[in-house]
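Just so it is clear, A, B, C and D label the chains in written order, and each chain counts residues from 1 on its own.
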Amino acid sequence: MSLVVNNLQCIRGEKELFSGLSFVLTNKQLMRIEGQNGTGKTTLLRTLCGLSQADDGEVLWHNLTIKKQDEVFRNELFYLGHHNAIKADLSALENLQINTALAGASYSEEQLLQALEDIGLFGSEYKSSAQLSQGQKRRVALAGLLLTNAKLWILDEPFVALDGFAVKKLQDVIASHVENDGTVILTTHQEVPLTQGKILTINLDQSNNKPNRSDND
Amino acid sequence: MSEFFSMGGFGVFIWSAMGVAMILMILEVFSLIMKRRVLIKQIKRNNRLNQRQRKNQA
Amino acid sequence: MKINWFKYSAPMSFYPLAGKLIPLFWIAAIVCIAGGLYWGFFKTADVLNDQKQYYRIIYVHVASAWMAMWLYAVMVFWAMLGLIFNTRLSYMLASATAITGTVMTVIALATGAIWGKTSWGTYWDWDPKLTSFLILLFVYIGYIALQSAIDDKRRSDKASALLALVGLALVPIIYYAVNCPDPTECASLHQESSLKRVESNILIGMLVTTLGFWMYSFATTLMRARIIILERERSTTWVSKLAEITNSERKH
Amino acid sequence: MTSAFWIILKRDLLLALRRRSEIFTVLFFFVVVISLFPLGVGTEEAVLKKIAPGVVWIAALLASTLALDRLFSADYEDGTLEKIVLAPSFLSISVLAKILAHWLLTGLPLVLISPLVGLFYHLPINTILVMMLVLLIGTPVLSMLGAIAAALTLGLRGGGVLVSLLVLPLYIPVLVYGAGAISTSMMQGVSIEPYILLLLAFSLLAMVFSPWVTAVALKISIE
């Protein structure tokens, strides 16, 4: 099980975000993507998911390009973007239930409630999400991580808006996923200590500051 | 001559049809030429700015 | 001679090639339009006597109407090529074609209205042909509006290309609907091909003018494509090395 | 595979139930438009009977486009759309669920309230029934074609107006045959069957192609 990135290039507008990006990520590995704002961290994550199209290069999962194996790949992928996918008109529990069901798994109400309690939302399960704070909404989205069977986690700034308790909890969850043969790719300024496994880092800053894009398509 | 232009009484219609077509086509070409001119001026200005910046940095 | 088509699918190679072709298309356009109209006005006196003089509108009307429809097909062709091969030049050509197509549709509608005043006594009639062209105009305008509403060029190219394809799929249905508002009568209504009834003398003028309009469309489309290329590639080195960019401003 | 369909359908209906005002806004818009016409063109019975088929369809087209803007944009803004795209099921199936929910919330209420038009415009009973039937067949086409335009204009400034501009010309066949069927039903001894069959054909064609095209458009738009 591995994620292979070959010679990836992304251009947005007239700016080349990155090019010639290659790496291999296997189980028990965590990759941190660093870079200043606007260097293409989110674009890279979205390209790895298949939400965005690369201008050049390819992303392989199980030695097959992700375009060709949509279903298998998406079953093994957990993606958390900037937005939490939380509906204000639904309760925390309903949101979690719908989001996990969309990802293809159904859980009993006890399991869902337990996940919400574990992430520190005890007492807010039935509250309308409109009443939840930004950090609490993020927790609802992250509660999905406690339940999912996905192998590959792609998390865009997962620690944003979380307080100390939730940060600690999330660090533990990520560490134990890596320990259990999982793979994690994330963008963050937060250290993630691992008890087992390996941390890789990519910095997108160097590939920036190119005045001109190459001439050939 | 005037007989030719009157076109048996249909002159107004015929010449206005020709006129409309011609005006629209000329307008299209004119706007293309103007757009290109403005664009080239912009690119030149940008390039000059870039060159100056590079000199200042050096 | 083997031509490397992939080479010309890159904007950098296409730009100078188009620059060389544009004057040729202009010459062809002017010669054909002038020739066609000359024929139409001076060589058809035997067919078009005083009561039928208004018929001369048809040279411009038919030429622009055919081009309006043909350019839509051309636009869809480039859009489809873009969606299949993801070549940027195809998208650029599709959007360059759209505006000339719109101009042709407007000319066809305007001259059609004037034609209508002379032959039916009213500028506008909800006749199927005029209505279809009005809808064609709406479709062109929708395409252009969508394209200009999206700032991100990649998205704007793909989204408008998809819209052009959807339009192509629906145009026959819309055309059928405006032609046969009553489906039971439509089966019996059999329109004779209008081309066959046209005198060959007039047909020559019509065809030559149409050819001229076609050449005109080539010229304006290429001009617009060059502008789009310059706009999008303005920060590349090849654009900054172009003769028109490097030469100094003219001194007065 | 089908589970995503039911999840999305149930969720959209639940959301609408929690925020009922949105359904009623569309419905009242429809009622307001049809009651403005008699005030504008006069209240003569013969005139009203003549224009009723066109009026009801144009009001339905406008009401349907009014709600299109929100079809995908709410999911787009809060990130749910990314979840739907990345869900391990066919995107076109999920899209079909969204379209069906949209029709149940905006199309079906119009069908149910349309007898009111009959009342306002002095239509005979059998014409009212025909009107309900053609609206029932025709309004899904509006939702399905509208979904394509809504997906293409996702997240754009002024998207609502643009959607109408893109989609209204595409609605013409439904308008022509939908209104044609209602007019014909007021004539003696003319069958409305050809109209109904054509509308059914449009409905089926749209159902086959629209979810697929909309899915492609969504993928382009969220990139």
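Rule of thumb we're sticking to: a contact is a pair of C-beta atoms (placed from the backbone, for glycine too) under 8 Å apart; a residue touches a chain by one contact, two chains touch by 3 or more.
Because the structure is predicted, anything quoted here is derived from the model rather than measured.
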Where the centre means the average of the CA atoms, what chain is farthest from chain B?
A
Centroid of chain A to centroid of chain B, CA atoms only: how many Å?
51
Using Cα averages as centroids, what's the distance between chain A and chain D in whole Å?
37
Rounded Å distance, chain C centre to chain D centre (Cα mean)
33
Could you put a whole-Å number on the gap between the CA centroids of chain B and chain C?
17
Among the residues of chain D, pick out those that touch two or more other chains and give their numbers.
223
For chain C, which residues are shared contacts with two or more other chains?
234-235
Pairwise, the chains that touch are A-C, A-D, B-C, C-D
Which stretch or stretches of chain D touch chain C in the complex?
145, 148, 152-153, 156-159, 162, 165-166, 168-170, 172-173, 176-177, 180, 184, 191, 194-195, 198, 202, 209, 213, 216-217, 220-221, 223
Looking at the complex, which residues from chain C come into contact with chain A?
9-12, 88, 152-153, 232, 234-238
For a test of understanding, state which residues of chain A touch chain C in their complex under the given definition.
12-14, 212-213, 215-217
Of chain A, residues touching chain D in the complex:
46, 49-53, 70-71, 74-75, 77, 79, 81-87, 89-90, 94, 98-99, 101-104, 106
Touching chain C in the complex: which residues of chain B?
7-10, 13-14, 16-18, 20-21, 24-25, 28-29, 32, 35-36, 39-40, 42-44, 46-47
